[in-house]
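In structure tokens below, several structures.
What follows is chain A paired twice: with chain B in the first complex and chain C in the second.
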Partner chain A sequence: MATITIDEKQYTVEEGRNLIDAASDLGIDIPHFCYHPGLAPDGNCRMCLTEMEIRPGQFGIVTSCTIRIKDGMNFRFNSPAVLDNRKGIMEFLLINHPLDCPWCDQAGECKLQDHSFDHGRGHSRFVETKRVPPKKDLGPHITLYTTRCILCQRCTRFCDEISGTSELGVVQMGSKSEIATFEDVPLDNKMSANVADICPVGALVTKDFLYKPRIWHYDKVDTVCPGCATGCNTTLETMHQKIYRTRPRHNEAVNGYWMCDEGRFCYHGWQDADRLTAPLKRVDGELVQATWPDAMDAAVSGIRAVLDGEGDSAMGVVGSPMATNEENFVLCKLGAEAFGSPRTGLDRKLEGEAWTSKSGFHIDADKAPNTRGARDMLGAGSLDDILRGIEDGSIRGLYLLGGDIGRTLSPEETAAFRKLEFLVVHDVHRSDLAELADVVFPGAIPFEKNGTMTNGQGRVQRLSPAFPPPGGAREDGAILRYVGQRMGADLGGTDPAGVLEEIAGNVEGYAGLTYDLIGDQGAMTGGEGPSEAAGG
Partner chain B sequence: MAAPIEILTAPLPAETDPGDIDAYLAGGGYGAVRKALKSMSQTELIEEINASGIKGRGGAGFSTGMKWNLCADRFPRYLCANADESEPGSFKDRLLLESKPHQIIEGMIITSYALGINLGYIYIRGEFFQIIDQMEAALEDARKHGFLGADILDTGYDLELYVHPGAGAYICGEETGLIESLEGNRPYPRLKPPYFPAAIGLWGQPTIVNNVETMAQITTIVDMGAEAYKQIGSEEDTTGPRLFGLCGHVNKPGIYEYDSDVTLRELIYDAAGGIRDGNRLKGVIPGGISAPILTPEEIDTPMGFGALGKLGSMGGTGGIIVMDETTSMVDALLNASSFAAHESCGQCTPCREGVPWMNDILRRIRNGQGRDEDLDLLLDVCKQIHGHTVCVFGQAPGVWPVRTILVKYWPEFRACIERKELVVLPLEESYLRPDQYEHIPPVPGNFRLKTDEADAAG
Partner chain C sequence: MATPLEFTDAARERAAKILDRYPEEYRKSAVVPLLHLAQEEWGYVSPEAMACVAGLIGCSPVKVAEIATFYPMFNKEPVGEHVLAVCHTLPCALTGCGSVFDHLSEKLGIGLGESTEDGRFTLRKSECLAACDRGPVLLVNRRLHTHVSPEKVDEILAELDKGSR
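So, the complex of A and B:
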């Protein structure tokens, strides 16, 4: 730790931290544009200039973003020289800025607006002609409003340091400088949309979020990306039960400040799916909409018919890597208490391409968010075990948690499921799987779930629901409890925090985990505590 | 009266090609390299350079000996000879590169030996394509004669030197911009601290960046000895011979070699044969466009770095731009400012936005659309840029010409605005006298008005 002086007051801060971050820890905001904590400092915007004592009694101008804290440093944040410089920089940045805030998508979260309000002079002395370079289409996700750009070069540094793909650079020089790509190499990498997040102004925008409602109208929910086993921490911005934008949430142990484009935009697939809003039951070979009590009656009598007999349970239960730890746990409990200890398995997951960026940001090959957690809850059983059971006739009824919009059935799976006497499925749309079922319960998509998931590293993280499931759809945990109740088993309360307590008491590696401990940064299984694993 | 000297400009033997190494050897060439490598230790060499009192000839006049002493104790170290001469009004490096390539190479070998450097670059302005070819050939000749390569002169010392063509921008001559350019990047100057080249330079290693004239002078120092060298010029101010390039409205423009005690008046009226058409002097820029202008009352100054610094100007590159009484100072400043606006690299905000803005304002004034508040606005923009930029470009060619020409020729700018057209005032009315403005040290070019008119305007 080091003791430093800021405006004649003494503070104790971490040694070696840069001045902007150290001041931020103390609640003091040093305005800046080009510095981003996830990138190496560049010192080009000159907004963060402060005065530092360089010889006894003599202060000199320094860039706060490059100053590393040492004991005894003495700063002035509010001297006339510092304040005049901020005023000057704001004026310089705005002389060629179009000031098109009324139709700029960044308005409301724009550093230029914020700092102009705090440090600008309120009127312009510029009477010359502004430069008006045309906007550019940089790649599949990103558009550059060149006029708004302040050339802080966060985006070029991101492509150099983080994605390692270096598509962006500066062309021309002086006031004609522009961010650009090579003609035949668009900004098209697996993390490209992050440049829009880190752009401090409205220059780089995602095409996805262009001309959408103002940012202050949204409800924000912190959750975890369902796109792969990395489990990037995200914030959803929603309005009227619709997601408008996903942005990465900082978690140094998981994703740093970043997320991949696939995860960022995957909400479209879920949101655009033709959702089930009422249960379905099979009547005369056709699936028809039913009320919840009707569907529940059909399910309970079907399951009872399968269970009606001596010996081992003829039911099987299949958990889902798309479902939370709590849902998979309750599913097991339902099996144990109501289905006479059936065989359990984990549904097949989707395999994709793994990719690791220059900075170590990792996209997992496992495209389900909770394979590890679901396996921890369910044990070692696989879908293949269940299919063999169906084949040899020892499993005649199946209770399956679906809910993955990307899931398609193989011919073998279809053939096996057709053999079943009774199939109950939770799903979110009329999938191949649902079409084979006798009863389909309409479940929730990951953005509607409350609970925890365990990512590929073994970090347990919390999901928060952005909104309730639509119409008659319900969270899967609630459906399982309803089934349990009708089968005469008490599966406990509906609060996921309570279920997690049960998990902590029963599942190996989860001992001691609570919602409070997990917090917004997650906690490692196996009692390792917060880990310093590579993030962004 | 000062007499011209012929050390760096010593004439070549008749009918010889400057790149001809045999002719150079016949005239005692590479004697300094032999002397340094065979009979002097590294410490002795560094002491010799320190004792000579030589100040770097790139423009800032920083002590070369001190620069060498600041070199961090890490290896490998690199040498960059800066031949990216592009300051408007300067052409002395070009003359040396064309006429004395081997003297520069000698200086680079001695410098490298003194500092334990085994790899050096000579970064030559890209537009000097003939010079680049000549220098490549000269390096090849030196290599063939065993002055470069492995085990030079059987001393066990190895050195390679390479030519690197410049990337076509003024900023490539800024020492850290040059290093970035050498590394293959955009020549954005680096932040200082921490990137002082002597500590963290090329490829992150300690690097010495010296002007090519300084390199040539190192050869001279070793040849004649520090004692003899410091007799040239004045030990209190600037030692050694200096090359002055006179251009503009003089009768005999060209390079003239004098010691630094020569006055500006002598250079203009004696060396360069006075001003064209018998006109009177209006202003003179003493060391490349960045050096703050001097009015006719100020030209009796010696040309040492210190003496010019006392006037709020600077020695700069020794490129002297002479302007006679027919010159519009508004036009002259617009020209200087256009250069700065075009050459600003665009890395940091104040220079990228502020310098072109000043250019726009000046163009408006020149076109008769100036407003009363424009002159104060210009001074205020200067203040907003000064000291707030990554490198010294923002202030040297960016701010200093505006601040000095504007302040010293205030009446001409006022007249332009009042009469709404380009005006050249009669000489006596066009500029302020030294008691009407003041220089605020230590920075050059930091001038402010102290006249009644300034109060009225302010």
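So, the complex of A and C:
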């Protein structure tokens, strides 16, 4: 630790930390544009200039972002020189800025607006004509509003330091300087949309979030990306049961400040799916909509018929890597208490491509968010075991936790499921799987789930629902409990926090885990420390 | 992407010598001398030439474009055999660069940034050429002419005509 002086007051801060972050820890905001904690300091915007004592009694102007704290440093944050500088910088930055805030998508979360309010003037002294360079299409996800750009170069540095793809540069000279790509090489990498997040002004915007309702109208929900086993921490912005934007939420041990484009935009697939809003049951070979009590009757009598037939464990249950730990745990319990120790399996998901960026940001090949957690909960064998059981006739009924919009069935899987006497599935749309079922319960998509998932590193993280499932669809845990009730088994309370307590008491590696401990940054299973991997 | 041009064997040898002047981890510093070489080779620095330089120093082509577009003396478009650049900053303006430029423009029949149809001349304005005490000044290719007047322009053009004959 180091003792430093700021405006004649003494503070104790971490040695070696840069001045902007150290001040921020103390609750003091040093205005800045080009500095971003996820990138190396660059010192180009000059907004963070403060005064530092360079010789006894003599102060000099320094860039706060490049100053590393040492014991005894003495700063002035509010001297006339510092305040004048900020005012001057703001005036220069606004010379060519169009001030088109009313229709700029950054409005409300714009550093230029904030700092202009704090340090700018009420009127401009600039009487010449503003430069109006045209907007540019930089790549599949990103548009550059060239007029709004203040050339802080966060975006070019992101492409150099984080994605490692270096598509962006600053071309031309002086007042004609512009962010640009080279010829026909677009800004097209797996993390490209992050440049819109870190752009401090409205210059870089995602095409996905263009001319959308103003940012202050959204409800924000912290959750975890369902796109792969990395489990990037995210914040969803929603309005009227609709997601408008997903943004990464900082978690140094998982995703740093970033997320991949595929994960960021995957909400469209889920949101655009033709959702099931009522249960389905098979009547004369056709799936028809049913009321919940009707569908439940059909499910219970079908399961009973299988259980009352020959063999000890004629039912099988299949958990889902798309479902939460709590849902998989309750499924396992339902099996144990109501289906007479059935065989357990875990549904599969096609492997995708793994990718690691220059900075170590990792996209997992496992495209399901909770394979590790589901396996921990179910202690399950693979789906192949279940398919073999169906083939040899030892499994005649199956309860399958579906709910993955990307899931398609192979011919072997289709053949096996067709052979079943009775198939109950949870699903979110009429998938291949739902079409084979005798009863389909309408479940929740990941953005409607409340609970925890365990990422590939073994970090247990919280999911919070953005909104309730639509219409008659229900959270899968509640459905499982309803089935348990009708089968005469008490599966306990419906609160996911309570289920996690049960998990902590029963599942190896999860001892001691609570929502409090998991917090908003997650907690490792097996009481391991934070993982060194990933980040960025 | 723009298909990188390839240097001739002789130019490639010179490029290797330029690169040798820099330590392995600072090869990117060779970008300016390599761009000069490219301009000498092809007359101007096209995107394809930038891609060639990027390939030699092992960086993204946009990083070469940053440098090439920053410096006005790298030609981004084809130019004539002789590039005439009239300094138009304050001291030269006060000493009469306007009439020098107008005379050149009239004589060659081309405007600012244009080239004569026979490909012999390109007319430009330039920022300060660091000879303010001897203005107006005119840069002809790499040679600086000082105290230029419309009459002196005629002499210079005649000289250039002679040289190419």
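As a working rule, the second predicted complex is superposed on the first by the 526 of 536 C-alpha atoms of A that agree within 3 Å, B and C clash if a C-alpha of one lies under 4 Å from a C-alpha of the other, contacts with A are read in each partner's own complex, and residues count from 1 in each chain.
Just so it is clear, a residue touches a chain if its C-beta (ideal position, glycine included) is under 8 Å from a C-beta of that chain, and two chains touch if they have at least 3 such contacts.
Just so it is clear, the model here is predicted, and its values are computed rather than measured.
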item	value
Superposition on chain A - do chain B and chain C clash or fit	clash
Which superposed partner A:R375 touches (first chain B, second chain C, both, neither)	neither
Touching partner for A:A180 - first (chain B), second (chain C), both, neither	second
Greater residue coverage of chain A in the superposed arrangement, chain B or chain C	B
First (chain B), second (chain C), both or neither touched by A:E91	first
Touching partner for A:K207 - first (chain B), second (chain C), both, neither	neither
Which of chain B and chain C A:R486 touches, first, second, both or neither	neither
Partner chain(s) touched by A:R46 [first = chain B, second = chain C, both, neither]	first
Which superposed partner A:L168 touches (first chain B, second chain C, both, neither)	second
Chain B versus chain C as contact partner of A:R430, first or second or both or neither	neither
Contact residues of chain A, present in both the chain B and the chain C interface	169-170, 172-173
Partner chain C, residues of chain A touching it in the complex	165-173, 180-185
Chain A-touching residues of chain B, taken from the complex the two chains share	169, 171, 186, 188, 191, 193-194, 341-350, 352-357, 360-361, 364, 371, 377, 383-385, 387-390
Residues of chain C touching chain A in the complex	1-2, 47, 50-51, 59-63, 65-66, 69-72
Contacting residues of chain A [partner chain B, same complex]	43-47, 49, 61, 63, 66, 84-85, 87-89, 91-93, 95-96, 125-129, 150-151, 169-170, 172-177
